[in-house]
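Two complexes come next, and they have one chain in common, subunit A, joined by subunit B in the first and subunit C in the second.
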Partner chain A sequence: MGRDLPFLIPEILLSLAVVAMLIAEMVRMARLALWFGLAGLAVATLATLPLLTADTTVFGGTYRIDLLSGWAKLILLPGTAMALLLARAEIAGQQREGSVYSLLCLVTLGALMLAGSGDMMLLVLGVVLTGLGSFALVAYPRDDAATEAGMKYLVFGAVTGSVMIYGLTFWFGGAGSTLFSDLGALEDKPLIAIAGLTAVIVGLGYKASLVPFHFWAPDAYDGAPVSVAAYLSVITKVAALFAFAQVLRDLPVESNWPLVIAMISAVTMTYGYLTALVQTNLVRLIAYSSIAQTGYFLMGIVALGTSAFAIPGLIVLGAAYVAMNLGAFAIILLAGRGLDDIRGFGRRRPAAGVAMVVFLLSLTGIPPLFGFVGKVYLFGAAIDAGYLWLAVIGILNSVLALGVYLRIVVPMYQSAPEATKSFDKPSPRALTAVIGVTAVLTLCMGLLAGLLPG
Partner chain B sequence: MPLLTIATFLPILGGLALIALPVRSARVAHGLSITVTGLVFLITLAIWSRGIVPGGFAQVEEIAWIPAIGAAYRLGLDGLSLPLVLLTSLLFLLSAIYSARISERVPSYVVLMLMLETASLGSFMALDGLLFYVFFEVSLVGMYFMIAGWGYEDRQRAALMFFLYTLLGSLPLLLAIIGLYLSSGTFDMRAWIDAPPLAGLGAMLALIAMLFTFAVKIPAFPVHTWLPAAHVQAPTAGSVILAGVMLKFGTYGLVRFALQMTPETFTRAGVVILAFGVFSALYGAFAALAQSDLKKMIAYTSVNHMGYVVMGVAVAALASDPAIRVVALDGAALQMISHGLVTGALFFLVGMLQDRAHIRDMGDFGGLLGRVPWLGWAFVVSAFASLGLPGLAHFPAEFQIFLATLNTQPWAVVAIIAIVVTAGLYLRAIAAVFLGEPNEKWAAMPDLGRREMLVIVPLLFLTVLVGVAPSWLLNMIHTTMASLSF
Partner chain C sequence: MSFLALTLLAPLLSGLTILALRRAPEALALAGTVLGLIGAVGLFIAASDGTVEAVLPGLPDMPLRLVATPLTAVLALVVATVAVFVLTYATGYMAGDPEKARFFGTMLLFVTAMQGLVLAGDWIMLLAAWEMIGFASYLLIGFWHGRAGVASAATRAFLYTRSADLGLYLGAFLLIGVAGTSEISATLATTGAPALIAGLLMLVAAMGKSAQVPLQDWLQRAMAGPTPVSALLHSATLVAAGAILLIRTAPMMPGGALLAIGIVGGLTAVITGLIALAERDLKRLLAASTASQYGLMLVAIGAGVPIAALLHLIAHAAIKSSLFLGAGVFQHDREGTGLDTLAGAGRARPGIFTGFAIAALALAGIPPLAAFFSKDAIIAAALASTAAPWLLPLALAGSVLTGTYMGRALNVLWTGEAGPARTPVPFMAIGMGVLVALAAGLGFSFGALEHVLGAQIEKPGWIVPAMGLAVALGGLALGWFMAPARLLGPLLAPAQNGFTVAGGMDGLILRPSLSIAAACEAFEQRLLAAQVGLIRNLGLGTARLADRGDDTLFAFSIWIGQQSLRLGQDTRSIDTNFIDAAIFGLVRRIVEAGARARHLQSGLIHRELALTVIGIGLIVIVLLTAPHYF
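The block that comes next holds the complex of A and B.
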């Protein structure tokens, strides 16, 4: 136990920060809560750095301190800080402002647990912790749309969560242990392996919004504040995908699970982009594009264990995705939710317009932007694992993706109708900071990709 | 001094400097654009003077980039890429001079143009598969915004079609590059060329992927349909860069990637590739014959001329006699340069005509030779060059290609019909626009101005020089082609 604690410093720091934030909120000092949150996230990020090279487990193998969970912290903690700033720009001065900040940090704590889980119990705990906070965040505005979205999200979460717990009992029964590292014992029990796998796909697939468990996502994103949508589209999703990788890493391939995941991957990206093509609401468009992006992550999960590029690919695309998707949501926050709202945006706000083009091209996977590097890794991983057809589908979907994102770029550079609301109002400093940081990361990290794990 | 790196990144740095400048008037932007492209041209001349070496790449510059996966920043040159680099820097300089008339959103235009120059030079000089792909794709983005922002009537549709089409075209190349990487463990193109890592089915799949990519870019029948739309709608300088420089990515890649990295499979597929080349050449010529829009007509003759390049490369792969093989490759490489010079000039001239008349349908002109003799004679010379008249740039190239073809696959010489058709269509265009009854509507049309002369005269001079005395250029190409091992 004494040995374990130093490995948990980031998590402990974040918990302390959340406690401090709750206290600040109790005395109605939302700004202070924000600062506690930002400081806690920053310190926790720094505390992660020395742990990055560690490869061990704590608490009897139930919590993993490895490359994936280390980078998860390095990606999710700063990502949460960005989301806090977005939230600040959107809801500053509103009631219960501080509780949003605390909830965001609390959900991130659950996300870290997901990304490091080495045990079924911990996985369930992570799913519940991220779930409970997210329901409240989605329903925050207390209007009809938000309440409906929160309700949908909750019901969906409750059902899929229970299915997952039920299925995990099969694994427990078959393997005789709740540790994922003992899943190797299922080698000669393919039926049990498949029963548990199905349940995990349902539970985590819901969290990561894989087709066909994605129905909640567009409604929840659209009903929630934009900043919360941005947060849910990156932090809980990436955490769930990393958790997926942690679980499946140890599952014997005899049950042929990579093929199942590959098929889900193909369906998810194709469905996501096809549906995004007909959206007229920017938040929903990006919501469907995020569903499609999940499909690309799954290419890495397919190749787990067979390709050395799988884990680095997940990490690189994870980092890229957090930066570019948060950036895109930040622009939506600035420009408005409708596809018509963005007409002329690029001409009126050249810098923000260029940033949006960078985010969208990076989401498409155009080099030398950050998203491209992640996709190269994952295409490589898929081909390496013998899934050339999946890489081909991924590539065809990139073309579809371009069509989707150009639907935003083209009106941005058309001349704006006179009557539009002014883009000229000064944007909050927090928002400018988020756009600036995410744009620079998206633009430069592609070239500095050598710094990332390989 | 790392001249290759400086030449590649000077344009984009110039663009960034322009963004940072407090004063961004049209004058400043155009001045900066001309200065930067002029400097880059001088640097490429210096690179030329440093020379190349037979059998391999010269002036290599290398820095680690993503060491974990063996990708590095690697630039270098050989006799195939150096002429293309010179052509690129020249055409960008001339485009910058020509573009000085643009007055709409000039800083953005200049930044895009400079970004395109970086991408184009980088594509020709990259020796790293991943780096090549990066430059290759950046050029698409730049050209998309160029067409969408400064094109003519139907530019949005044309730009969208161009971007989707060429992205769909280029992504298979990424698969091929990843395939080459996974079987060799490095992205170093020199390693891929020295010891082609793929064999059997893998090589066949990679070759098909690469051929698809480059066929879209070249463009060869049946994936050429984006070209007329993009060319007609693009601004003049965009057309010049698209035809003069970016189509060469396709033929350059055909030699550099397809031929050099999967040589055995390429030879096996040689007859099919040759057939596509022949058909493209014929198709391009006949399609051009059917056009009355001058710009569209020239766009289709590009399909025709690039078809000859494909033929040359395919013949080189099929030829068993090494001497014939070199003749074919020399011809193909020279054809790329000639096409850049001649078609560049033609697009400039049609652009100048359009600047004056705001239309490009040849039926609406007539008798212009007397009205604007400089423009007229420049067009006549370029058109004669384009149809392959001896003494002008295309002749030595096409002569070598047909010579090698006759020697190796005599049936393919049927493509020579295309030359007759091209001759017919150019004579028709000259007759319609510059000869015959002067159309009173254009009585006040001014002849070429000083800026326009500055753009056209170098191209005409080079067209004649390459036609009459091509040895200075051919020697450069020959150095590499004679030692090409595949």
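The block that comes next holds the complex of A and C.
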């Protein structure tokens, strides 16, 4: 126990920050809550750095301190800080402002738990902790759309969550332990392995919005505040995908999980991009394209254990995806939710326009941007693992991706129709900071990817 | 090493400076390209003594490499040379444009990307450069994006070339996987089935970039950009990338892949030659001719003599940039590039026309101009190849057509009214003049070049030059004297339509994917709402149940309210008004909440969940029936 605590310093610091934020919110000092949150996230990020080289487990193997969970902290904590700033830009001065900040940090705590889970109980805890906070965040605006979105998210979460818990009991029965590292015992118990695997796919697939568990996502993103949509599209999603990797790398390959994950990957990216191709609402377009991006992550999960590119690929694309998707949502916050709202945006706001082009091109996977590096890794991983057909589908989809994202780029540089909403109002400082940081990361990290884990 | 850096960094830095400063773009651009040219010359001299290599940090285990062998150094030299003179010309051409800075900046970034591709020593670097070229060409083709149709033309070019990138990704990773390294020279030792598959995949990638049949139609549509852009794209850069890829990987190609390359190239040479002949627009004619000439290069690669393809690529780079630059001057004069509009334009500018004519004759293969030598090398290669019965007729037909469409273009430019005299165009004339001189004289350097590259081409006997000359003269005569309608006969209409099969890429890929996309959307929006079978009953039943629950809850609340009211009235010890307010307030709240819940389209959730359940079922079925399980 005493040995374990130093490995948990980032989580402990974040929890303390959340407590401080709740107190600040109680005395109605929302700005103070924001500062507590930012400081807590920053300190927790710094505290993660010395732990990056560790590869161990704590609390009897239930919580993993390894490369994946270390990088999850390094990606998700700063990502949450960006989301806090976005929320500040969007809802500053509203009632309950401070509770949004504390909920965001609390959900991130659950996300960290997901990404490091080495045990079924902890996995369930992570799913529930991320879920409860998210429902409230989605329903924050208290209008019809948000209430419906939150409701839908809740019902989906309840159903998939209970299916997951039910299925995990099979694994527990079969393996005699709740630790993932004991899943090897299922090698000769195929039916039990399948039952649990299906349940985990449902539970985490819902969190990561894989097809066909994605239905809540576009409605939730559209109904929620833009900053919350940005947060949900990156933080909980990346955490769920990392949790997927934690579970599946211990599951015997005999249960054929790589094949079924590969099929879901192919369906998810194709369905996501095709549907994104016909959206007219910018938030929904990005929502569907985020679903498609999840499919690319799955290519790395398919190759876990068979390709050396898999884990670095997941980490690199995870970091890239958080930066570029948050950036794109920040621009939506600035420009508006409709595809028409962005017409002429690039002409009126040249710097923000260039930033948006950088985000979208990086999402498409154009070099030398960050997204390209992640995709090269994951295509390589899929081919390495013998899933050539999956790589073919992935590359074909990156053509579709170009079509999807150019639908935003092209109108940005057309002339704006008369008397539209003005883009000239000054953007809040918090928003400018988020756009600047994410744009620089997206631009430069592609060139510095050699520094990332190998 | 330092020359390597100069070749790449000079254009990159000057491009970035232009984009940042937005001042003196012409001077900076020329400085950058001239420095790049000096770097390329130095690199060429250094590389002829021995390979120059630089290893940069890249991905872990896969560093980025730059390699200057004699082959890659020659290509870098060609790119740098064409860039200098095209940009000199552009100084005049873009003189009045308000967005000069963006133009020159993008052009330099494009040149940098191309040098990166040419000098790439590992597959990741090559992939990155390949994609950047695609993106930079998108920016350049769409430079005048405000004009009608330009943005869509640029998008189309980008999408089409990118779909063929599939081949490069798969081929490169296949080679990396087999060889265990990403270094290009090491992966070329691959043999057997992987080499064949990788070779065919590379061919797919090259077909997209070099506009080979059936992926040819994007190239002509890409004429929407400024003329210097076309001159650069069609000579030594974008389109050349495909042929360069095949030339570099030629040592690995087994016989089957070579045959496929030769046939694709031969068919393209003929088909796009016919399209060029049927064209009614000078720039589009030149664009089709580019595809046709790259087809001839592929024939040489397929015949197993990639050095002949390289020579033709070099000759073609000088010739085609000259032709486009000439066309640009005529376009300036006549405000259009339609052949009807340009009739007689050559008479008004005898100097420019002479340059254009020299380049045209060079392309047709008239001695001693550049392409005479390279085309002979291609015909000789086709003749000596084991696949000669296939390749030779296609190569000869492609050469005849070259003469024919160039003859026609010359005829149109010369016959007609000259119109009034024009203002001089000094920068344009200088840029074009040098390139024309190269187009005329480059052939004499080919012997020395073969020596440096260490690959001598056997000098053919009299039969090949005689055949080449006859074909060139015959083609030119046909083109000068006969109208295309008579030459092409029934082929005219399909040739004017670009021989699109089943609607071309639009019909084969674009429209189907859009309709699938619409179907997906409909599935999500409408099919869900459509009431079908089990799902309907489930959904409606649950909704009814929820409704009844709602009513019960409502009645219950009223009852509680009434009971409490009675309690309140009975005791009378508490302020009745307070109780009233509280209880009726509570009841009102609950009714409101119910009304709000009815607003929700909660029925949809059930249907979506039903689809989720179907998804779970499919996953279980896949897991149970998957092979190698039991």
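One rule holds for everything that comes next: the second predicted complex is superposed on the first by the 454 of 454 C-alpha atoms of A that agree within 3 Å, B and C clash if a C-alpha of one lies under 4 Å from a C-alpha of the other, contacts with A are read in each partner's own complex, and residues count from 1 in each chain.
The rule we apply is simple: contacts are C-beta pairs under 8 Å (C-beta built on N, C-alpha and C of every residue); 3 or more make two chains touch, one makes a residue touch a chain.
Note that the structure is predicted; figures quoted are calculated from it, not measured.
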| item | value |
| --- | --- |
| Subunit C versus subunit B on the shared subunit A, clash or fit after superposition | clash |
| Touching partner for A:Ser415 - first (subunit B), second (subunit C), both, neither | second |
| Residue contacts on subunit A - larger count, subunit B or subunit C | C |
| First (subunit B), second (subunit C), both or neither touched by A:Met263 | second |
| Partner chain in contact with A:Leu339 - subunit B first, subunit C second, else both or neither | neither |
| Touched partner set for A:Pro368, first subunit B, second subunit C, both or neither | both |
| Contacts of A:Val159 with subunit B and subunit C, given as first, second, both or neither | second |
| Subunit B and subunit C footprints on subunit A, overlapping residues | 312, 361, 366-368, 372-373, 376-377, 379-380, 383-384, 388, 391-392, 395-396, 398-399, 402-403, 406, 410, 413, 449-450, 452-454 |
| Contact set on subunit A toward subunit C in their complex | 144, 147-148, 151-152, 155-156, 159-160, 163, 190, 194, 197-198, 201-202, 211-213, 215-216, 254-257, 259-260, 263-264, 271, 274-275, 277-279, 308, 312, 361, 365-368, 372-373, 376-377, 379-380, 383-384, 388, 391-392, 395-396, 398-400, 402-403, 406, 410, 413-415, 449-450, 452-454 |
| Of all residues in subunit A, those that touch subunit B in their complex | 309, 312, 361, 366-368, 372-373, 376-377, 379-380, 383-384, 388, 391-392, 395-396, 398-399, 402-403, 406, 410, 413, 447, 449-450, 452-454 |
| Contacting residues of subunit C [partner subunit A, same complex] | 57-61, 63, 124, 127-129, 131-132, 135, 145-146, 151, 155, 158-159, 162-163, 165-166, 169-170, 173-174, 176-177, 513-514, 516-518, 520-521, 524, 596, 599-602, 604-605, 608-609, 611-612, 614-616, 619-620, 622-624, 626, 628-630 |
| Contact footprint of subunit A on subunit B as seen in their complex | 64-69, 130, 133-134, 137-138, 140-141, 148-149, 156, 160, 163-164, 167-168, 171-172, 174-175, 178-179, 181-182, 205 |
